[in-house]
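A, B, C and D are the chain letters, set down in written order, and residue numbers restart from 1 in every chain.
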């Protein structure tokens, strides 16, 4: 990208990661045309770490994440989320088991533009007892106070809670979305291109939030086409190329150039894949 | 005279009210049986205005719901004896079948609403009468009435002309000699079917024929419309207007209990007031004249051919049929007028079931 | 409390489209040699000239707000349910059956007849709904085919099972215990108007006040976001068709047990025909909002009722009112008109 | 069958370009009137077909402008056209000919039919078959056809390639309208012998069903039109057969074309793929 402004780095503490919250084994996922887009991928995301997936867009990242989020059927393979084995994952399973999902395209998946801010603040949380009764009535008082809380906590600039989300700026839309997902008290956060198209302040802020999540002991799966972002906040990195992980390792072990080459399909060291399924002992 | 066309039948009350509120209006005419309830209601609200319903039975609603008011003095239903007219054309078609040695006659109906049962059974009854007549008067042509002799179908529509075409085509394919149109514009579909055959065989005149309904439809395709069962709505309106003008309207309502029957041989106050007939050449002339007036008024062509040509063609067609056929139809008409035969009037489900069992 | 609904802009937009529709109508009338001024004057006087006319206008509005609701709920769920027509026929059949053939105590009878109409309407709506869920058949095609099938089926049922033995033209009339009370002698308005308004209001509360309503609207607003939020798309389809069918069924019921003088269904379905189609325009002018639909229904009721005086005094066929309806619908389909309007205002 | 085929083939091409015209029914209705009117003005049935085509083209063009530049919801705009026609046609009938609901025109204005050994065939029917083949060739064998298909699938690519997305879509919707217009004019001039206010009786929607059935392939659409034409004729033939009507009430026979449509569409729909941007306006990012 040309003319990119310098984004201040996010500071982070280092802490040993905990148990895996997401285990993926031999996952295969097809794309819309029925061709295999994810060709047998295995990895883990552990509590207290950020696992970054880098790669040029269109190498299967979208399909991978959609499969993990229950938005796309799995062709084969296994997913274990927070200790539960799931064959046919649905979005509700993800939320129920403590997953949060910041989708790649906030306008397509994450928000309903003509709904107002309050309504968007419970999107995907509408079934939680805090927001709707057992009989199915929405608890507007709770929703409004929760939305107000989100707005304050995540610095969403909006004229009011009844403003349609369409009229918010991109950064504020994303703050609302990220805030909503992170306030689910998740054990696993899946974040895809979380800062794409945002202003600097929002970008820094959202990266800080993700790091903060990690520091609070949650697992974060970060998928981003922005190599700087991946390098900056990830603990471990994998590079995805044509539906597979072409290389991976701890962030300290990989150079920028190395990753850049891998993104182009070139594996300088011919790394083996064992590093991916890293168990605590292999550290 | 102002005409209000209702698009939704539930509008009828407001429609009639709109007309009744006009201070210049003395007589409000509603056409169609669906107006009955509305007429009964509005006529009560405007006792100074006169109301006439064509094909309605508003007075019987009054009788049922407000017996004390029956008959309402400012309301007249005009009903027609379509079953009698249908019997005449049924006989005509059957005699033609005998003459041309054809196995069937046909009838194309609209939506099966009970009102059409009158036509259906009348037509079939006339057909059977004709077969019986032939045994007595024309034994060489005589055949026994069969329940499949009349091909008939309800098309479920009063506007989708191709349905009329398809139904008629199937009937002519079975060599029906004539098809009776009881579905308004669908007659044009029947006409299409006839024309197709005429063109293929290079015919200038039927058979095959079709039979018009309500208005005189003989001019639509001269030479192929053997006759029309005419129901003169215009006469009904004319009588009603005349009664109002002569100041006799309310007296007549009292005399007739509010229902004026126009049919064959029907009389009011000793005067013949008929409204049903099988079309004649004279009727055709009258309709041609109306067509010419319309052409003058609108500046548009209404008639399919020059009047003299239409007349000549129809005349030639009529004369090409043997005299005994017309005589037989005239005999039936006379018997109906005298009351020596009775055409069944079918309006209910048990009746239609019974008659269909008998006549097919 | 701050208003949840920003009425002014939609209201202005609706008024502008109506203005466009009326202008186009005036041009049509002018082109065919009628006087638009006289016509519209008659139309206005016809609709609002006397208190009785106002009530009659409201009577016309009653079924329209319901068939509009059918379309609105569909659009809110992202579906084009143009099957109100057929669902309404079946609703009329269901109501006629309970109102005319079943004896029940007063009070209960009205309720049962109304409910039966609504259920019949909803049942008929299940055909396109299930075809959509099972086979993905586009609802525009299936609802329109279902309308035609409903026409023939209802005529058949009306004549063969519900026919009045003494009256050839229509079904058995509703028993007096099943009739909504007439509000005034001067108009055909009955208490069914309150039921209609209450139903619209209830659906409004349902759509904006319940989880299911939220999910339904989300499904229409953004199907991907709905999937993301764990909303079952098939549930949304079924739910929106059921609500739409209930509304259309109630519309059918309202014309049988809530509209004098016939209190029955005509064998040609003439006293309900076209009310379903007219609901589409009403819904769009009402911005697909159940409460907006009520206002728009009054407007179209006025056009329909005023149209007759227009026909009577200015000689303009009242069917033209439906052409105006069509122009208004087309105008409302074009978002750029509003974009242009907004740009102008900024300038 | 002829009007169905004409409208369906035109709509196939139109939908390939990504534009949906739900207003075919309305176009049928309006062009049936304009067709007869032109025929009467010129005293010639063939001119009437032209009059129908012209009015259809204007309506198609108008819908195209609304969809392309106005970014309209095409389904709602099309329904609007249908509703408009429902009111406008009766108004037109009475305004033009001072007679409510129906107008019978002189017989010699009927488009003549060719007499062949297999029965009578209207030249318009032959034309419709020809059009289906031409549309097939256009879509699959010509550069223009390739562009039309590309506009439906990847308008952005067509745009980048320097072609006008808007012009291509206007072209197809005008063409589709014109073909439907010929079909509409054919209804009275080649078939019915009169105009009535509900002349098309749902045929516009059945044409749409043919398009869905055909998966936007003109030749299949032609086949579908024949099938539905047959279902219609079959219904009428069944209705008159003695012995059948006593057992099956005609009401059910009348449903046959509509039920056929529903069943057929439900059966094939899974195998049909439609252009990616169908029904959606194209906006440059």
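Simple rule for what comes next: a contact is a pair of C-beta atoms (placed from the backbone, for glycine too) under 8 Å apart; a residue touches a chain by one contact, two chains touch by 3 or more.
Computed from a predicted structure; not experimentally measured.
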**Report entry** Central chain of the complex, centres being mean CA coordinates
**Finding:** C
**Report entry** Cα-centroid distance, chain A relative to chain B, in whole angstrom
**Finding:** 78
Query raised in the report: Which integer distance in Å separates the CA centroid of chain C from that of chain D?
Result: 28
**Report entry** Chain centre separation (chain A, chain D; CA means) in Å
**Finding:** 49
Query raised in the report: From the C-alpha centre of chain B to that of chain C, how far is it in Å?
Result: 37
Report task. Going through chain C residue by residue, note those that touch at least 2 other chains and give them in order. Result -> 152, 155, 160, 274, 317, 319, 322
Query raised in the report: So which bits of chain B are touching at least two other chains?
Result: 5, 7, 112, 156
Report task. Between the chains shown, work out who touches whom and classify the graph as line, ring, star, complete or other. Result -> other
Query raised in the report: Name the touching chain pairs, please: which are they?
Result: A-C, B-C, B-D, C-D
Report summary line: Per the touch rule, the chain C residues reaching chain B in their complex are 46, 56, 152, 155, 159-160, 163, 165-170, 185, 188, 255, 259-262, 266-268, 270-275, 304-305, 308-309, 311-312, 317-319, 322
Report task. Give every residue of chain B touching chain C within the complex, in rising order. Result -> 2, 4-5, 7-11, 13-15, 18-19, 22, 33-34, 36-38, 40-41, 45, 57, 111-115, 117, 156, 347-350
Query raised in the report: Which residues of chain C touch chain A in the complex?
Result: 2-4, 208-215, 217-218, 221-222, 224-225, 227-230
Query raised in the report: What part of chain A is in contact with chain C in the complex they form?
Result: 69-71, 90-92, 95, 101, 103, 108-116, 119, 122-124, 126-127, 131-132, 136-138, 140, 160, 162
Query - Footprint of chain C on chain D - complex, ascending - result: 22, 26, 66, 69-77, 79-88, 90-91, 94-95, 100, 202, 205, 208-209, 212, 249, 251-252, 254-255, 258-259, 261-262, 265-267, 269-270
